[in-house]
Every structure is written in C-alpha cells, then in structure tokens.
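Look for chain A in each of the two complexes below; its partner is chain B in the first and chain C in the second.
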Partner chain A sequence: MNYPLHLAILVLLWGYIYTSWSLMGRLGMVSFGHGAFMGIGAYAVVMLWNHFGLSPWIGALVALAATAVVAVLIGYPCFRFRIVGHYFALVTLALSEVVRLLITALRDQTGGSLGATPKGALTEGTTVAIGAMQFESKLVWLGIVAAAWLAGLWVWRAVDRSMGRLALQAISEEEEAAASIGIHVTKAKLRITIVSALMTCVGGILYAQYQLYVNPDTVSGIAISLQMVFGVIAGGMFVMLGPTVGAAFTLLLAEGLRLAFGNRYPALDITIYGAMLVLFIIHMPNGILGAALERFRRRRERSLLKAAA
Partner chain B sequence: MTELLDIYLLEAVLNGLLLGGLFALLSLGLNLIFGVIDVVWICYAELMMCGMYAVYYLYVQFHWPLALAMLAAIGIVALLGFLLHQFVIRPVLAAEPINQLLVTGGVLFFLQAAATLAFGIDFRNLGLALPALRVGDMSFSAARLIAFGVALLGVLGLFLFLNRTYVGTAIRAISQDRAVMPLMGVSGPRIFAITSALGGALAGLGACLLVLQYDVHPAIGLSFGPIVFLICVLGGLGNLLGGFAAAFVFAQFISIGGYFFAIEWGYVIAFAFFIAAMFWRPRGLFSR
Partner chain C sequence: MLLEVSQLTKTFGGFTAVNRVSFGVAEGEILGLIGPNGSGKSTTFGLIAGALAPTAGSIRFRAEEIGGLPAYRVAHRGIARTYQIPRPFRKLSLLENVALAAYYGSNEHLSREKAFALAEDCLKLVNLHESAVDRLGAAGLKKLELARALATQPKLLLADESLGGLDHAEMEQAADMLADIRAKRGITIVWVEHIMGVLMRVVDRCVVLDHGEVIAQGAPAAVSQDPKVVEVYLGTDAFA
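Here is the complex of A and B:
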C-alpha cells in the first residue's frame, strides 16, 4: 500500500510544482531558474529547524519572504530592461546555479553536496509532530500535497480568468505593442513571477519535509530547473492539467521501466524521455494533454458537422 | 596593499588567464552557432562530453595514438553537430525561438542518460601525468598551458577561416542577412549545415583540451555547460570577440575569487557578477 501511495504523493507534489512553473512558462516567460526558489524553500526550512530549532511553519514564512525578495531582485531588472527569450532563460539559469553553489559552498552549515537531514521529531510511539511538520503516515502527506495541488490548480484558473493573463499574453506576443496600449509590462510580469516563485518555494518546503532529506543537486541548480521546464512541456504547457499529466508521465515512465528491467539500466528512462521530448517539441508542441484535447475537439467538431449535414 | 600583491595572487591571476583561454575556446562554437543560425544549443556541453568519451575510448581502450584519437574525436563531434542540426534543429527552425532552445534541452537529457547507459557513471581519465611547469614559486599545469595555446590557435584559425575563405565569407554573409543572401546564390540550408559541423568540431576540440585536465563522466556537461552559456551571453550572444573577452573576465572572477575564498565562492561571485552585468548591459558587456 505504501508504494502506490508514495507514487501518488510524488505525482501530486511534482504536478503542483510544475503547475507553479507553468504560470510563467505559458505566458512566454521560460524560466530556467525555478530550482532556485525550490532550493531556497527546502533549505531555509531545514536549516532553520536544524540550527535554531525554528518550527518549519515559521521557517516557511522566512523562506517565502526570502523567495519573494529574490524573485523581485531578479525579476524587476529583467522585466525593466526587457530581458526576454533566450536571455531571460539564461539569466534565470545563472540564478539557479548561484543558489546551488551557495548551498554547496556553505558546507559547514548545509552539509554541502552530501545533503542534509532535518532533525527527527518523531520519537518512539508518536507518528505526528505537527510543530516539526513531520508525519509518519503517508496518508497525511497525501492529504497535504493534494491540498497544495488543488490550490495550485485554483491559482492557475484564477490567473487564467484574470485581466492580467490577457495583458501578459499580449506582452508575450509583442511587448512594445502591449506597452503602447497602456499595459504596465514590468508590473504585470513581476506579479505573476512572484506568485509562481512563492508557489515553487512551497513545493520545495513540502518536498524537503516529505523526503526528510535535502541535497543541493536535487532541489536546486540547472538539473532540477530543466526537469520542471521539460515536465511541463511533455504534459502540455497551455492546459490546466498539462503539468500534472507531465509529472505523472515522467514518474510512471521511470517507475514502469524500473519494474520491467530492475536496476539493470539505470538511466534508460531518461534516455527515452529525452528522445521523446525532442519528438514532442518537433511534432506536438502542445504536449500530451494538449494534443489529446486538440484531437478530441476536432473529432467532436467533425461529428457535429456531420450531424448538422 | 603589498599583501594583496603576493606571489600566490599572481599565480591565481595567471592561472585565471590560462583558464580564460580554455573557456574562450569552449564558448567559440556555441557563439558561432548562435551568430549564424540564431539557435542556442543547450546540449553543447554534452557534445563535448561525447568528444571526451571518444578520446578516452580510442586512446585507452583501443590504444590509438593520442593525436589520432583526438582528431577522430573532433570528427565525431563535428558529425554529431551536423546530425543535431539536420534532425533536431531544422524541423523547428520556423517555430518559436524558445522551442529551438528547448528542443536541444531534450537532446541534453538524451545524451547525458545515454552516456550513463553506455559508459556507466564512473569517472574516467586518460591516465596521463603531465608535468607541472614551475616558475619561481608558482606552478602551472602543462595541460592548462597546452589548452591555452591551442585555444588561442583555435580562435585565430576560426577568424582566418571566417575572414579569408569563400565559405567563411558566406557564413558571415548569412549571419548578417538571412533573407537576402539566398537571393545572392548562397544556399542557407547548406551554410547552416556547414556551420553546425564547424560548431561541433569546435566542441570536439574543446573536448580534447578538457579531457587532458578533467575526468570524464556523464554529468560533466552540467559543470561546464552553464559557464559556457553565461560567457556567450556576457559577451553578447553571437558576438565572437565579445565572447572571447568575456571568457577571460569570467575566468578571473573564478580564479581570484577562488584564491581569496574557496573555489565554489569563485563561481558564486562569477555567476552573481554575470547577473549584475546583464542588468547593466542587457545585450552583453561588449555590445556596441
């Protein structure tokens, strides 16, 4: 029972994180820097707990504040100076590397590239330590990540229905033209960036507390940032459940191959995944769910036409 | 002040200079590709990884002479560059620019994982013990000196090729006006294919220099990739001279930062400098 539950938790958690990323990605801001926000969330909470005994709930507030500051520090100049496209992707890539290297360099405090474990609060007999945000039962975690995931989808929909989304879509098509009809480009972009960054930070906190282990290479840096970008692309960047489908697809692909071949071919899943990504971007840029919905809609239109005729 | 000017700082500066030469060569191919085709190969460092494995296997496993193994590696990576362009980049040339960046990210995953499958995660090296050159109290590794020399020759060679040859002129012409040059009888697709192979060959040359100094393993691309991109962006993507200069700036930050603090701090400072520089000159330090 534990294994499927673990998979469900991971799918929902990554689905949530990918959804957070896609808030920006679908509006033309392809960030390679979200590993930074996830890393800040994961490490701030664990470090404050380990070194100062600060409850992760309070640590989370500190992490969110730090994330907001970093998001503004990076976002504001980027948007103000019209750093877009490739340049935006590469500036944010530098950001996620800075966070990873900082965590590694502060090895006396963080444990460096060996990672760190939050001090255990679950003593013999207790299964729940609310103050320490540690729960033994996977069911509790399923509830928590499901709530986060639903909240993420709700934010996605709220953004989708807002005026801001229209403004950002206009910006992503033609920034100068959007500015000329009175859209405050910097403000519109900054707002969505902060929302996306804060949500990703929460994802990092949940990931750290669920796994009870953090490592600079798995919660920050270029690898994790790319994982987010491509998970979303695989699932579908422009539909609400696309990022979740991407998370489910990548996880089930990895687990399925592991079940089929054992650990004989350790990187087979990513090899296949990488090749599929290339094919996706060339042949179905809207991702799995996007392409499926498109086909479904076309079929329905055709049958409607037939019925009308 | 005198303390700052000690001999070890001088050594750090000179080593930074040598590292800058290496970086300059590594960023050359990527910059060329961007300047001509307007595409960023996110998987550029993974191509170098392939080249490093090629040298390793030919030299260590098949006992080829080192020079021949290196030449073959350059040829292999050039072929990879050509194939990458024909089968991955060409289909998305008309798509949104960001898709061209992303599609090579898929290749990055593929190459890295395929290398893990094929070669395992072990660190491998050529087992060469190159001597260190000692000047007074300072020491410089011969591998770095060789890399520096070859890098300068490579840069010079590329400039001569672009400026003195017929094909080179065509490449520069296409990069200046993609729409008009085909009307003058320059075949765009052919020039792109040649440029991609040339970019691949430069990645292969970079791989030969890297494998002299570093162990090869499937994730090595992740440790050099970001630096190479940032250097290109810092110099202005597509601006070959800018990238060349930026490589030395970047290497000094790493080397001197590493001298005063630990080596990671050198990287942290260099990356932070990069971000700040982007806000100061968004089109690159050396943009006109």
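Here is the complex of A and C:
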C-alpha cells in the first residue's frame, strides 16, 4: 500500500510543480531556471532547521522571500531589455546551474553533493511534528500535496481567465505592438514570473519535507529544470491537467526504467527525456493530453456532422 | 497645438534617420506626413509613440514633454498608433485583439465587460466582422490595426498607412474611414503615407520629409506645387 501511495504523492507534487512552471511556459516564457526556485525552497527550509532550529514554516517565509528576490533579479533585466525566446532560456539555464553549484560548493553547510537530511523531529511514539513540518503518515502527505495541487490548478485557471493571460499572449507574439496599446510589458512578465517562481519554491519545500532528504541534483540544476520542461511539454502545456498528465508520464517512465535497469545506467532517464522532448516538440506539440482532447473533439464534431446529415 | 515636435533627431550609429524635424499638429486636424520610402516617416512615428528614444529634440503632447517615455505610458497619455506592416496578435481572436487595447490602453481602467463592449464598437466602426485573424487579407488587417488603436480611446492617432497592397477602391475606403473617425470621434490624426494622391483629398495640412528632414509644409495644394517636393517625387507615380 505504501508504494502506490508514494507514487500518488509524487505525481501530485510534481503535477503541482509542473503546473507552476506552465504558467510561464505556455505564455512563451520557457524557463530552464525553475530548478533554482525549487532548490532555494528545499535547501532554505532544511538548512535553517538544521543550523538554526528555525521551524520550516518560518523557513518557508524566508525561502519565499529569497525566491521572489532572485526571480526579480533575473526577470527584471531580461524583461526590461527584451531577452526573449532562446536567450531567455539560456539565462535561466545558467541560474539553475548557479544554484546547484552554490549548494555543492557550500558543502560544509549543505553537505555538498551528498545531500542533507533534516534533523528528525519524530521520536518514538509521535507521528506528527507540526512545528517541524514532519509527518510519518503518507496519508497526511497525500492530503497536503493534493491541497497544493488543487491550489495550483485554481491559480492556473484564474490566470487562464484573466486579461493578463491575453496580454502575455499578445506580448509573446508582438512585444512592441503590445506595448503600443498600453501594456506594461515588464510588469506583466514579472508578475507571472514571481507567481510561478513562488509556487515552484513551495513545491521544493514540500518535496524536501516529504522525502526528508535534499540533494543538489534532485532539487536544482539542469537535470531537474529539463525534467520540468519535458514533463510539461509531454503532458500538454495548454490544457489545465496537461502538466499533471506529464508528471504521471515522467514518473512512470523513471520508475519503469529503474525497475527494468536498476541503477546500472544512472543518467538513462535524462537521456531519454532529451530524445523524447525532441520527438514531442516535432510530432505532438500539444502534448499527450492536448493531442487526446483534440482527437476527442474532432471525433465528436464528425459524429455531430453525421447526425446532422 | 496638441502635439509639438521640435528639433527632433534620431541617429543610429553614424546614420541620421531623423534630422532636426519640427512640426506641430493642431487639435482636430488631419496632418499628412509624407515622403518617399526611407525618408524617416516611420522613425518619426516610432519616436512620438515611444518605441524609440530620441537622440535630441523634444516632443510635447498637450504641453507636456513625452520624448523618451516608454510606449505604454505614451499610450496612456492618449496617443495610439498603427503599424505600416500590421502586427496582429494571431493567437487571439479579433475581438480579444481589440479588447486588450481597450482594457490596457485607456486611462479609465475599464472593466473586462466594458472593454469587450468597446471593442465591439470599434470593430463596427471599421466594418470588421468577427472572424479568424488568419483569414483577414491586407485590407482587413489594416482595419484591425485601426480598430485596436481606436480602442485605446486616443486623442491623437498616428496612422502609419503605407497603403501598398491595397487596390484603389480600398485606398479610397481607408481615406474615407480616417476622415470619418475624425468627424465622429473628434480624434486628431497624423497620417503617414508615401503615396500622395489619396491623402491630398483628406488632409488639412502636409509635412513632407526627405532624408530625415522637413523639406516643405503647408496646405496640400501648395505643397504639391513646391519645387522641392516635385523634385523628390519626380519620376515616381506618387501623384497617381
């Protein structure tokens, strides 16, 4: 019972993180830097707890503040000076690596590439330590990540229905024309970036507290950022549940590979992500869910036409 | 004067695209800004609209300096523009294209509903019916540009209407539409054009640019007799 529950938690948690990423990605801002925001979230709470005994709830506030600062520091110059498309992807890619390298370099504090474990607060007999954000029961975690996931979907929909979404879509096509009709381009982009980054940071915090282990390679860096991009594109970035489908897909793929090959080929999943990413972009740009919905819609239209004829 | 441009200059590296250009636009006027290709018309527009920052000189709108302001702020002050080559937002519907301008462009902070209602009015004004943006032809895209600009409820419209790609009837229609917009909405218009014929019928005054400099200005009839203007246009079909 534990393993399926574990998988369900991971699907929802990654579904939430992918949804957060897609807020930007679907509007033409493809970030390879979200690993950085996740890493800041995960490491900030664990380090503050281990070194200063600061509750992860307080740590979360620090992590969110730090994330917002980093998002603005990277976002503002990019948006102000019109660094878009591939160039934006490159800048964010660098950010992602900077955070990973920083974590690795500060090994005396962070444990370096070996990772770190938050000090256990669950003693014999206690299964819940609210102050330390540690819960033994996987059901509790399922509840927590499900709530985060639903909140993420709610934000996605709110953004989808807003004028801001139309504005960002216009910006992604014709930035100068968008500015000429009164849209403050930098502000519009910065806003969605901050929302997306903060949500991803929360994802990092939850991931760290659920796994009770953080490692620079699993919560930051290129690999995790690429995984997000791949997951969302595979699932479908223009439909609400696309990122979640992508999360299920990437997780099943990773688990399947692990069961089939064990740990013999450690970077195999990333290699396959890369290859499949290319295939998806060429053959299924709307992702699995996007393509399925499209097919369903067409079939219905056809049967409606038949019924009318 | 609603708009006063004085000594406006823009250089790109060693190239001077606009050289000490001065002219004024009176409230309620339709001013034709004409000149052959590459004479600096569109650059002048870009400078007024805030897409480009001037190298020197000043642009005063309603007695306030707007030179160097970012484009979105210029839009909020009440200046709207269209582009010579239409720049529609193709992923949005026709109505969304225009509603976006109504929502973000006006100073009044319209509600979403009001923005969409205003957008419908603007589409009607230019005679466009809801369709996919991709199905619009050259004339349709020009109309969309105009509707989008009008939706920001401007006091001054900068219409970059190189009417290339339109046939004669469509050009006449476009000219009538601009005259109509002024008559119905009281919007002052600066109309950029390189073909003089159609424009002369509608404008009150003309400013003629060549190589980034003003070579003549005044009433259309007088300007078209000006020897310097004739020389610039000689051998072209500009008066056709």
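Here is the rule we use: the second predicted complex is superposed on the first by the 288 of 309 C-alpha atoms of A that agree within 3 Å, B and C clash if a C-alpha of one lies under 4 Å from a C-alpha of the other, contacts with A are read in each partner's own complex, and residues count from 1 in each chain.
Here, a contact is a pair of C-beta atoms (placed from the backbone, for glycine too) under 8 Å apart; a residue touches a chain by one contact, two chains touch by 3 or more.
Computed from a predicted structure; not experimentally measured.
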Request  = Would you sort A:Leu289 into first (chain B), second (chain C), both or neither based on which partner it touches?
outcome  = neither
Inquiry  = One more residue to check, A:Ile222. First (chain B), second (chain C), both or neither?
reply    = first
Query = Which of the two, chain B or chain C, is in touch with more residues of chain A?
reply = B
Ask   = Touch check for A:Leu206: first (chain B), second (chain C), both, or neither?
value = neither
Query = A:Leu23 contacts which: chain B (first), chain C (second), both, neither?
reply = neither
Inquiry  = Is A:Gly274 touching anything from chain B or chain C once the two structures are fitted on A? First, second, both or neither.
reply    = first
Task = Answer with first, second, both or neither: which of chain B and chain C does A:Val232 touch in the superposed model?
result = neither
Query = What is the contact status of A:Ala179 with respect to chain B (first) and chain C (second): first, second, both, or neither?
reply = second
Task = Quick one: which bits of chain C touch chain A in the complex? Just the residue numbers, please.
result = 49-51, 70-72, 75-76, 80-81, 83, 87-92, 96-97, 99-101, 103-106, 112, 115, 148-149, 151-152
Key: Residues of chain A that touch chain C when the two form their complex   = 163, 166-167, 169-170, 172-174, 176-185
Request  = State the interface residues of chain B toward chain A in the complex, per the touch definition above.
outcome  = 40, 88, 91-92, 95, 97-99, 101-103, 105-114, 116-117, 121, 218, 222, 225-226, 229-230, 233, 237, 261-262, 264-265, 267-268, 271-272, 274-275, 278-279, 282
Message = Which stretch or stretches of chain A touch chain B in the complex?
response = 28, 30, 74, 77-78, 81-83, 85-87, 89-91, 93-95, 97-98, 101-102, 104-105, 221-223, 226, 229-230, 233, 265-271, 273-278, 280-282, 285
